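Have a look at these structures, which come just after this line.
Both complexes below contain subunit A, partnered by subunit B and then by subunit C.
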Partner chain A sequence: MKKNKLNKYFFIGPHLILFIVFIVVPTVYGIYISFTNWNLISKPVWVGLDNFRTILFDQNSTFYFQLRNGLKNTLYFVLITVPFQILIPLIIAVIMSNKDIKFKGLFQSILYLPGLISVSASALIWLLVVNPRLGLQNVFGSTTVWTVSEKHAWMLIAFMSLWGAIGGNLVIYRSAINAVPQDLYEAADLDGASRVRKFISITLPSIRFPLVYTIVMSTAAAFNVYAQPLMTTNGGPEEKTTVLMMYIRRLAFGTGESIAGMASAMALILGLVILIISSLQFILFYSSSKGVEVK
Partner chain B sequence: MKKILTTILTIIIAVSLVGCKKEDKITFWNPLTGDDGAFMEKIVEEYNATDPEFKVESIITPDMYTKLFTVINAGKGIPDLTLIHAHVIQQFGKLDLMEPVSVLQEYNPNLVKENYLEQAWNSGEYDGIQYTIPLDIHGNVMYYNKDLLSKYGVEHFLDDNIVTVDEMLQLAGKMEEGDYVVNNALFEWVTFGNLVALGGSLSDESGNPTLDTPEMRQVIQKLKELADNGLLTPYGEDGYAMFQAGNVLFSTDGTWTSTAHDSIDGLDYGVTNVYSTSDGSKFYNRSSAHLFSILKNNERSEEKVKGIADFLDFVRENSLVWAEAGQIVASKEIFESEEYTKYPQSFFTSTEEEKESLYIFDYEYYNYAEQALASVLNDIVYGNVDIDEGMKKAQDQLKDLIEESEKSN
Partner chain C sequence: MKRKTVNILTYIFLISICLIWMFPMIYGLTTSFKSQTDIMSVGFKLLPVNWILDNYVKVITNTSSAPILKWFLNSMVISISHSFLVIIIVSLASYGYTRMEFRGRDILFYIILGISMFPGVVNLIPSYKIVQKLGWINTPLSVIVPGLAGVGNVFLVRQFMMDIPRVYDESARIDGASDFFIYFKIILPLVRPVLIVVGLFSFIGSWNDFLWPSIVINDVSKLPITAGLQLLQDIYGNYVMIGQLMASAVIAMIPTTLLFIFAQKYFMESLNIGAGIK
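Presenting the complex of A and B:
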């Protein structure tokens, strides 16, 4: 009996230790630092809510502008990428569920590959694709410099992000759709249901949990966007693609003495935003899932 | 049988343990990625081949300063030797992180100012104390395309080794489509070098930041004229690549890029001073330096300090290979040698005037100033933002950063 009681700790122990060391402790310390002024070398100086007052209320402060501009650009990125990160792989997964489609594994691998490429390499590839002298747009006679036009800059960042993100969600959706009992579709066929009807009334409810998981995870990941705008536009033009993580990283680990306290305060605000939105998503999707029937 | 196997196993383990004896080395952290790192590895290998008492273990750390702060805070794992940049000397000095070079000079009398390029040596001084031994000066230079200079008949621009913006403006309307006079590589450095040439500064006598000054405005206005006349490579395009492709007369990048330019077939280039936004009577090339430093660490033995001194003296005598990385070698023995003259960067140590043009900022908040200017400069020059509005924004940002930083000290 004693042996059985200890077994469970052996299984969850390693993960729990790593979770505490690399997630819990840094998070708690980060929250503490947000109430201090700290340059990473000297001892942190406690300043209470000063950092938060500055970034939330001091309109003359650079940091106030950085929080608002960064958060606005981050939210914009979430809105223009997350819906497509869900819809596109979902549609592809539904198409691939058709038994007449051949080479499904090959297509899935091709779509998954971009997710394995590092962001730096991906940025280089996409910058070449949109290069005004060497890129694809030359075929169509266009010489737009994508990185200095706000509209095109966001398109570049979004395309690059979606290119890498589609494969991961596709794998999850394909697996989920394959697990839906076929007799449900057969019964729907007998009742004369259309493909759209079957998708809405059978597929979607059946894959609700993986769908909610990918929506929440994709949203949280999108809020942490950093490398794509950094490597392609460097936040330009006129800081219109500078996301909050870029300001945070620059303040905490940029050239010059670290302003870790202010950076932590911004990071805490970002964390709270992610927490609130993720919670709302859970409440929305799970509350409506109670008593769901497949009609 | 079991006894024989046990004996063999014991012997194998014993031999392995002997072979695993830990060798004490000099851990040398440096941020030299890419080709630079390869050249430094070569120097380290050559030193280790001399069978010194302490071999050097070079550890390339791209995010070195973040990791340094971590180990300094922890008090453990502090490297024996680091290669730092001139722009952190003020910060490191204020935080009292470094040992003075006198601890090295006790063991090696060659590690003195007289044996190094003065500008490089001086950049390692804080509050009257010397803390570093220089490896090189690296900085902003201007490469020119000889074929394009000939094509447009403007070789005479280089008669006095300084090209001015007014000279460049003579080419307005005369460039073929797709050709440009100059790119915007390292634009902030170009601006800072010209600011100092006009008598401007990044701070006043009290140390208060002064980005928003008439001198700075004058420099930026001149840069804007280049863009307004279509002579500057377009905003957002890779001006450095365009120079290599043979479409740009002048490229204001760094000493280290000569190695990349060498690899381009058909690119016949030379190197000179960064262009002047005024009359060129005074000119500076904004520079920095790689400096060897030993951070304070109670665990470091005196024998190891001697070993470090020996290594640095070896570097002083054998750093010609470092010139292949495109850098201006700081060791006098090297930059005054005949072999060094074959390197393009030898131009900057060929006369006293050129040496004096290598300007290394010692402003404590230089990095913040560069960061603040970088956030607005291209937008001002290319007309997206009004010059006064942009300069005010940069000044305000710099003031806020400094104010916040001072709260931690």
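Presenting the complex of A and C:
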């Protein structure tokens, strides 16, 4: 019995210690310091709800502007990327389910590969693709400088993000669609169902779990956006593409004295937004999919 | 529509989207072989006039402001050690959560899983403080270790271990085998495929990590390559020395791309696995 007890720590111990040191402690501490004034060096000073009051209600404060602007831009990024991150791979997966098509593995690999490239490398490449002198737009005689116009800056960020983001979801959808029992489709064929009808009544309900999974994961990941705008537009023009993570990073680890307490308060708000939206997505999708049980 | 027409349209669609998806990488690659005069000319040209290696020579021989080979080696050390440690720690923990009998085992696991769902952005700043307290700032440990705490991989491997019939270990136990023997000789070989997948994704995640290394490493010579690329736009003339920027980007993409080409099978299986469980 004694031996077994030691053994238990031998197996789960290393992970448990790491988990406590690098997840439990910093999470609890992160919540705590959002109620303090802290410069990362001296002892945090408890200020109660002051940080939140400032960033949420004090209209004269730069922090108020930063939270609003950062959250707004982050939300905007989520809205312009996540729907496409789901729809584009879903459409491709459905099209690829056509049995006569060959080279599916090759197509899939090509679409998947950009997801394995770091954002910093792909940003360098995308800045070339939209370069005013050498970019693809020259073919069409356009000399737009993408990083200085708000609309184009967002397009660049969105294209680049989608480029790397569809491959993973595509693989998931394809395997989910392949697992749908064929007799469901054959039965529908006998009833003379159209392609669209089959997609809505058979495919969608059958793949709802992977679908919800990818929606929740893609959304949560998109809320953490940081590197794409940093590397391409550096938040410009005029902070129009500065996302919340960039402000958090700057306040806590920028030049000058760290304002880690305020940054933590912003991080906590972002964390709560992610948590609430993920939970809502789960509840919404699961309750709505209960009705469409597939045999 | 006739079946044949549908097929042709499908091919046209798939081939065009693949061409679009390949284009940025190919253009980046060909541009890395262009001379600076070639790059200074106006207009879109896919291929270089002369294929030259100058850009690569220049970025590799720049060992002061952007020591890219050093960065590359740093990344190799970091990503390889990280993925090996992930495999060891995750497989040990999964064995513990499936094979060791103790009170509250499953509850403990679900508590850990639940806590890990809390968005990671909140622990970013304190994690820095912890790493600093440990004296790890500007060392590879700062980027190798904290990521080992994740629970997702334990969840995945645990699912696989639960599916291994108990008969395997019971019979070994009757023969007097220790837990470590069962773990190492019986369970590990059976979950090898999923551990390879976990290792591959850990390598790639570690190689491509950007925000965290840029916080805990500020000594230029200690940077991993992904974070190092951030400095290049300024170093290579505010996006003027494009050939050298592209050569650097290409160097940074080589390992993950090669890994994908040689281990494609595992990548594709893995995602099926992940989707199947969740």
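Here is the rule we go by: the second predicted complex is superposed on the first by the 269 of 295 C-alpha atoms of A that agree within 3 Å, B and C clash if a C-alpha of one lies under 4 Å from a C-alpha of the other, contacts with A are read in each partner's own complex, and residues count from 1 in each chain.
Here is the rule we go by: contacts are C-beta pairs under 8 Å (C-beta built on N, C-alpha and C of every residue); 3 or more make two chains touch, one makes a residue touch a chain.
Since the structure is predicted, the reported quantities are computational estimates derived from the model, not experimental observations.
A.B. asks: Following the superposition defined at the top, how do subunit B and subunit C come out on subunit A, clash or fit?
C.D. replies: By the criteria stated at the top, subunit C and subunit B clash after superposition.
A.B. asks: Quick one: is A:Ser42 in contact with subunit B, with subunit C, with both, or with neither? Answer first, second, both or neither.
C.D. replies: In the superposition, A:Ser42 touches subunit B alone.
A.B. asks: Please indicate which partner A:Tyr226 is in contact with in the superposed arrangement: first for subunit B, second for subunit C, both, or neither.
C.D. replies: Only subunit C is touched by A:Tyr226; subunit B is not.
A.B. asks: Going by the contact rule set out at the top, does A:Ala267 touch subunit B (first), subunit C (second), both, or neither?
C.D. replies: A:Ala267 contacts subunit C only, not subunit B.
A.B. asks: Return the chain, subunit B or subunit C, that is in touch with more residues of subunit A.
C.D. replies: Of subunit B and subunit C, the partner in contact with more residues of subunit A is C.
A.B. asks: Per the contact definition in the header, classify A:Gly254: touching subunit B only (first), subunit C only (second), both, or neither.
C.D. replies: first
A.B. asks: If you stack the two complexes on chain A, which partner ends up touching A:Pro89: first (subunit B), second (subunit C), both, or neither?
C.D. replies: neither
A.B. asks: Could you tell me if A:Gly70 is touching subunit B, subunit C, both of them or neither one (first, second, both, neither)?
C.D. replies: A:Gly70: touches no partner chain.
A.B. asks: Counting clashing C-alpha atoms after the superposition, which of 6-14, 24-32, 42-50 or 60-68 on subunit C is the one that bumps into subunit B?
C.D. replies: 60-68
A.B. asks: On subunit A, what residues does subunit B touch that subunit C touches as well?
C.D. replies: Overlap of subunit B and subunit C footprints on subunit A: residues 40, 131, 133, 253.
A.B. asks: Quick one: in the complex, what on subunit A touches subunit C?
C.D. replies: Its residues touching subunit C are 4-5, 7-8, 10-12, 14-16, 18-19, 21-27, 29-31, 33, 40, 92, 95-96, 98, 100-101, 105, 107-114, 116-122, 124-129, 131, 133-139, 163, 168, 171-172, 175-176, 179, 209-210, 213, 220, 223-224, 226-227, 230-231, 245, 248-249, 252-253, 260, 263-264, 267-268, 270-271, 274-275.
A.B. asks: Would you mind writing out the residues of subunit A in touch with subunit B in their complex?
C.D. replies: 37-42, 44-45, 47, 60-63, 131-133, 145-148, 236-239, 250, 253-259, 261-262
A.B. asks: Within the complex, which stretch of subunit B touches subunit A?
C.D. replies: My answer: residues 63, 66, 69-70, 72-73, 87, 91, 95, 97, 234-238, 365-368, 370-371, 375, 378-379, 382, 384-385, 396-397, 400-401, 404-405, 407-409.
A.B. asks: For subunit C, which residues count as touching subunit A in their complex?
C.D. replies: Against subunit A, the touching part of subunit C is residues 3, 6-7, 10-11, 13-14, 17-18, 21-25, 27-28, 31, 39, 42-45, 89-90, 92-93, 95-97, 99-102, 108, 112, 115-130, 145-146, 148-149, 151, 154, 179-180, 183, 204, 207-208, 210-211, 215, 226-227, 229-230, 232-233, 239, 242, 245-246, 248-249, 252-253, 256-257, 259-260, 264, 267-268, 271-272, 274-276, 278.
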